[in-house]
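Listed next: structures, encoded as structure tokens.
Okay, so chain A shows up in both of these, paired with chain B first and chain C after.
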Partner chain A sequence: MNRPCKSLWSRTIYFLILVTIAGIVLLPIFYFLTISFASNYEAYQFPAKIFPTFSYPARLRYNADAENYTLLIKKGAEFEAIKTTSDVLDFSLYCKNQLNVLISTPSVQALFDKAKSADTVIQIKLKKDFFRNYVVFFILAEGTMHALFNSLKAAGWTILISLVLGGVSGYIMARYKFRFNNVFSTSLLVVRMFPAVALSLPLVVYIMRMNLYDTPFALAIVYSVPNIALTAWITSSIFKGISVELEEAAMVFGATRLKTLLTITFPMAFPAIVASSLYAFLAAWNDSITALIMTNNNPTLALLVYRTVGSSTIPNLPAAGAVVLLVPSLIFTFIIKNYINQLWGNVAL
Partner chain B sequence: MNVSRRSGFLKSPTWFLVPVVIYYALFWIRPTISVIIESFTDRSGAFGFSNYVRLFSQEAIRIAFLNTVLFTLGSALLQFVLAFALALWLNKKFRFSNLMLFITLIPMAFPPAAVGILWKTGLYRFGWINSFLCSLGLMNPANPVDWMSFRNLNAIILLIIVDTWTVLPSVVIILLAGLQNLNKEYEEAGWVFGANRFQTIKDIVFPIMKPTIITAMILRMIAAVQVWLIAVMIFGYNVVPFLVERIAYNVDVITFAKYARKDAYTLSVIVAAIVLISVSMYLRVSGEKQKPGEIT
Partner chain C sequence: MSYLKLNSLKKIYPNGITAVKNIDLEIEKGEFVVLLGPSGCGKTTTLRMLAGLEDVTEGSIILDGKDITLLPPRLRNISMIFQSYAVWPHMTVAENIAYPLKLRKMNKQAIVSKVQDVARICNIADYLDRYPAQLSGGQRQRVAVARAIAFNSKLSLMDEPLSNLDAKLRISVRTFLKEIHVNTGATTIFVTHDQAEAMALADRIVVMNEGSIEQVGSTREIYNECGSLFTAQFMGTPPANIQRVVLKSGHGRLIVTTKNDETTTLDLGELKTCPDMEHLMGKEVFLAVRPENIDIVTPNGINETSIEIVEPQGAYTILVTHVLGIEWKIMLEGDVDMQIGQKMSLKIDPCKVMLYDAQTTKRIYFA
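Our next item is the complex of A and B:
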């Protein structure tokens, strides 16, 4: 009764739904990736391509009357003249800045000589430096690496603070009944959902007093507020699953409580600890409003990417930045994916 | 000997919660109280509602309020319909169901800043959306639509679609978990008594799923109230004002204006109040079933 129907008609519809959903998710991502690899010249082309190109089919023409050279690039069925110059350096710079093609001046000279002696249009192949946008955005542009390190530092501190404070609370909540257990766990839930913006604004004043303004550590203080609560919830549910008898057995054989924790409990809770850390990382890595409020000269990568969109007219460089922002996010989300499902009541995948 | 002494000390384990409580007192309760006080005092320090009065006398704020309500309701409704349909479909085991689940989960991983750029590259006049429509022959390449020139309701609808693309997976996951906990026998009983598929969903699946659905919707609303980044990245400041967008505007653009700080503080109190009301609704709905470890 639950099997997909077998008639050709409903199978076709089913297949169409499948393709449509996959298309809605994947199509924007494909285009987006392609734009992150596009040169300025390509970014201005319309309609845009869905898959990135690795080289340009191009031609070079020697104009005898003006004694200069014209570069033509294939557009549709025809070749379009995009640059006319007689200067070797000018040509080389144009290739680098507009086409993402790295070609040295002697090579340009060789091409020029060849076109001149051939006295006709010659075919050339311009190979694209595929990761040029990424190199420009991260290595040549000032401050990007700094912002990347700031993001990593903020994430690192967030993980540390959340694990230490949240992990201890989780363990206590799981192992001991105490009077405020319910109050405590409810307030943790409220903290987890409290809007970051309502926290960052007033905290700036205190952060300035502590001389921490504009530092990744100050960001981590804010990120940790919901993440301590989250870590406590995740770890407490795991600690509850680890039987007390195991711990007691270890202690019967003479292990101290600390040793029991380190050798029995923690290794078993390790997956939960990793998952909590990844959550903490994602919270810090993805945030932009707190960074907007709490930093000035030391932005995080997410904030920097947000800012470059406002200042640049061509989206290819910010897109490259966003892809780098996306990669760890994507990997970590899929590592903890099964975890989310488990915590939501065992969605079988 | 050693063991018993230690467990004696640990009989009051509350001691270990002290650092957390101190942390929250310092970095949550103290700033929250100070921001509430700030929002109820004017620049001379006198107590009153002057900030709220001034705020709501600004047209941009009233529009921001209305926009936030429209966006929240619109996105919650659209996401519920789509996510419920998708979850019902993915819940059936079919040949590509695992692959499909994997694909539909991808947008969940996108950081908001990346979502903003992805859609900005699509929405401008020569962006990928128009490129795709042209390649399908649905649009004349000579006269592409400039999506970014959309204003008012159209712009909000556009933002709802972008938001739905991003967060639908998380709603699907929650509903899917609810469906998988559903006892198959109830549905089968429905079929035995002659109900068709639609009736089964309407009269059996839906009522049982109601707490899960309400939970998912409240969680979505809490996030939707705080929308700002995609609006600013796609349209820029001031085009589609939202509550948190106004806060960012006060902090980021008119930082040194006379009332910028007071306005930002007061707005953030309003946002926090809306969120806290939603959280209390959430607690009431999920009630006793709420157990530690559930992830939003």
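Our next item is the complex of A and C:
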């Protein structure tokens, strides 16, 4: 909603505050993104760069006395020697692993020849393979695609289970008066108080008995436990807001109870249902603790990222994994945001 | 056999509250019947039982020769206009009107032309593509009416459809509803607590109180021949002046006094014929006199009193005075120029006086 601002002053201050808030929120994310594009060499540098780089300004020097070559990369005002070798393959591998620069051995040989013939320091430009970390994470790290599908499956099941059970509970809480109504709705919240670990440990026993251990569906069951309660509370407040007369009108005018639910109640509660599905998705997508307990050979993406963090001493690869993890939630959130905002006739129900 | 018949209809809620005690009512085809009563009298519950939105505890409902007591709402072929209009906010006006027709599996072209027709009748043809949130209260009400007309049901129910409108709009929508009824001839049951609405719209008024019917009759009957003390108290603005009195006769004149103070009397005037009056003499009854059935004359020794309050209303004037120790209201036509404290004599038309039994509160007919 556009509220007209009174003067230039208040407008300026308003935007300054907005930019500050956006900066506080976005800067760490942006920095994280930069790290995810950094090569190992860059990740070790201090101070780290704010903006990701696409190439290195570098020099190659031929050392006539030792008959080898030294690679120098610009650091501040000066050039720092980072690799000295006479072997072409060694140089190429170093570029690939430490600098994220893909350069073939013949090209290296050509550079070496050029440096030797010039008999002095030559300027070279090393172009970075920008998405190298992502390629490494996805293709070279084992089972990433598998983990991604596991995550999607677990999230899908979580949404389905929480919406069906939570939505029905929410409708009942909103529409029917029964004994212990309050006890029921409060007890739903009590379930949310248990930490995921406390729930998953005893559940593992049952899930093993049901032969569901190490499956995304088993994960979804655990994720749904707190989400059913949340969905019930969100949807019940919306169902309460939908006038009973609207449902009664549909029934008088020829609709069955089911038809009324499907054509009147659910479309009107759609924003709430969508919001609940977002919560369910995020809960399933971001969890790694439960997945750590409940899976063995079928990890989720979040768990995979967690493992990468544990196994790597440099932050660039885990950062790439985290960004990979972030993208689907961002896409899902943005798709759903449109539905949450979509209120009929631009007026809240 | 009448078109709609309610046989000793009864409703007791699960929490033990009796909403409707015993309703027996017969309605002819094409009639406009208004259920009138104060809030909590069971009129809306009765209507909801007719629609099938409340279970009937006892009794039966026969519509057009068919027992519909146990049918679910959708199989009753009854349309309803709700107090909150109940137009679906996620559908456009056209979709709202078409929804019941789609459920009836009418073909698409027939639906479109039907929607156009009723929209024209209800004056909402320009808003067919709008959502209810973009319409005013009165327009939403028209959408609800259009939906009900398009449905073309056996019975049309209206649950206080005017009470959410502002006073000015209420009068015009009232006229519109009457017009619709005259044109469509739909059998209609209308629930209201507003007697002006009831009297303006009804072919017959059913006055309800505490879950049972007090009186059924035309506007004229309900207003002028109140069958019970409740009706006399409920109908009229201001309602009838009611007082517990003792009847006394005197030379062909009807004179009343109160039990506490027998010295002050009220002379109701000459009775031409009063064959049954003798046995009532000395008995305690309720006397009801409508404010407009009292006239004032210059002081002449009979029923002398003085004006305490003058309330001019433009078309009429209300005077407040004391008669037999309690406050009475007198309604005079036109803008009457009277002063507070001015003396006057009351002249009451004995033919328009209503008497009720002090115990049963039932009407005592005489003259």
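Methods note: the second predicted complex is superposed on the first by the 289 of 349 C-alpha atoms of A that agree within 3 Å, B and C clash if a C-alpha of one lies under 4 Å from a C-alpha of the other, contacts with A are read in each partner's own complex, and residues count from 1 in each chain.
In this text, a contact is a pair of C-beta atoms (placed from the backbone, for glycine too) under 8 Å apart; a residue touches a chain by one contact, two chains touch by 3 or more.
What you see is a predicted model; the values in this text were computed from it and never measured.
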item: Partner chain(s) touched by A:Phe46 [first = chain B, second = chain C, both, neither]; value: first
item: Which superposed partner A:Gly156 touches (first chain B, second chain C, both, neither); value: neither
item: Which superposed partner A:Trp233 touches (first chain B, second chain C, both, neither); value: first
item: Contacts of A:Ala250 with chain B and chain C, given as first, second, both or neither; value: second
item: Contacts of A:Pro267 with chain B and chain C, given as first, second, both or neither; value: second
item: Contact breadth on chain A, by residue count: chain C or chain B; value: B
item: Partner chain(s) touched by A:Pro57 [first = chain B, second = chain C, both, neither]; value: neither
item: Partner chain in contact with A:Lys259 - chain B first, chain C second, else both or neither; value: second
item: Partner chain in contact with A:Leu27 - chain B first, chain C second, else both or neither; value: first
item: Footprint overlap on chain A, where chain B in one structure and chain C in the other make contact; value: 251, 256, 344-347, 349
item: Complex contact set, residues of chain C against chain A; value: 51-53, 72-74, 76, 78-80, 82-84, 86-90, 99-100, 103-104, 130-134, 147, 151
item: Residue ranges of chain A touching chain C (in the complex, touch as defined); value: 243, 245-246, 248-256, 259, 263-264, 267-268, 344-347, 349
item: Contact footprint of chain A on chain B as seen in their complex; value: 2-3, 6-7, 10, 12-14, 16-17, 19-20, 23-24, 26-28, 30-32, 34-35, 38, 86, 89, 92-94, 96, 98, 100-101, 103-114, 116-122, 124, 126-128, 130-132, 134-135, 141, 144, 165, 173-174, 176-178, 180-181, 191, 222, 225-226, 228-229, 232-233, 236, 244, 247-248, 251-252, 264-265, 268-269, 271-272, 275-276, 278-279, 282-283, 290-296
item: Chain B-touching residues of chain A, taken from the complex the two chains share; value: 1-4, 14, 17-18, 21-22, 24-29, 31-32, 35, 44, 46-50, 165-166, 168-169, 171-173, 175-176, 178, 180, 184-187, 189-195, 197-199, 201-203, 205-206, 221-222, 224-225, 228, 230, 232-234, 236-238, 240, 251, 256-257, 285-286, 288-289, 292-293, 302-303, 305-306, 309-310, 315, 318-319, 321-323, 325-326, 329-330, 332-334, 337, 339-341, 343-349
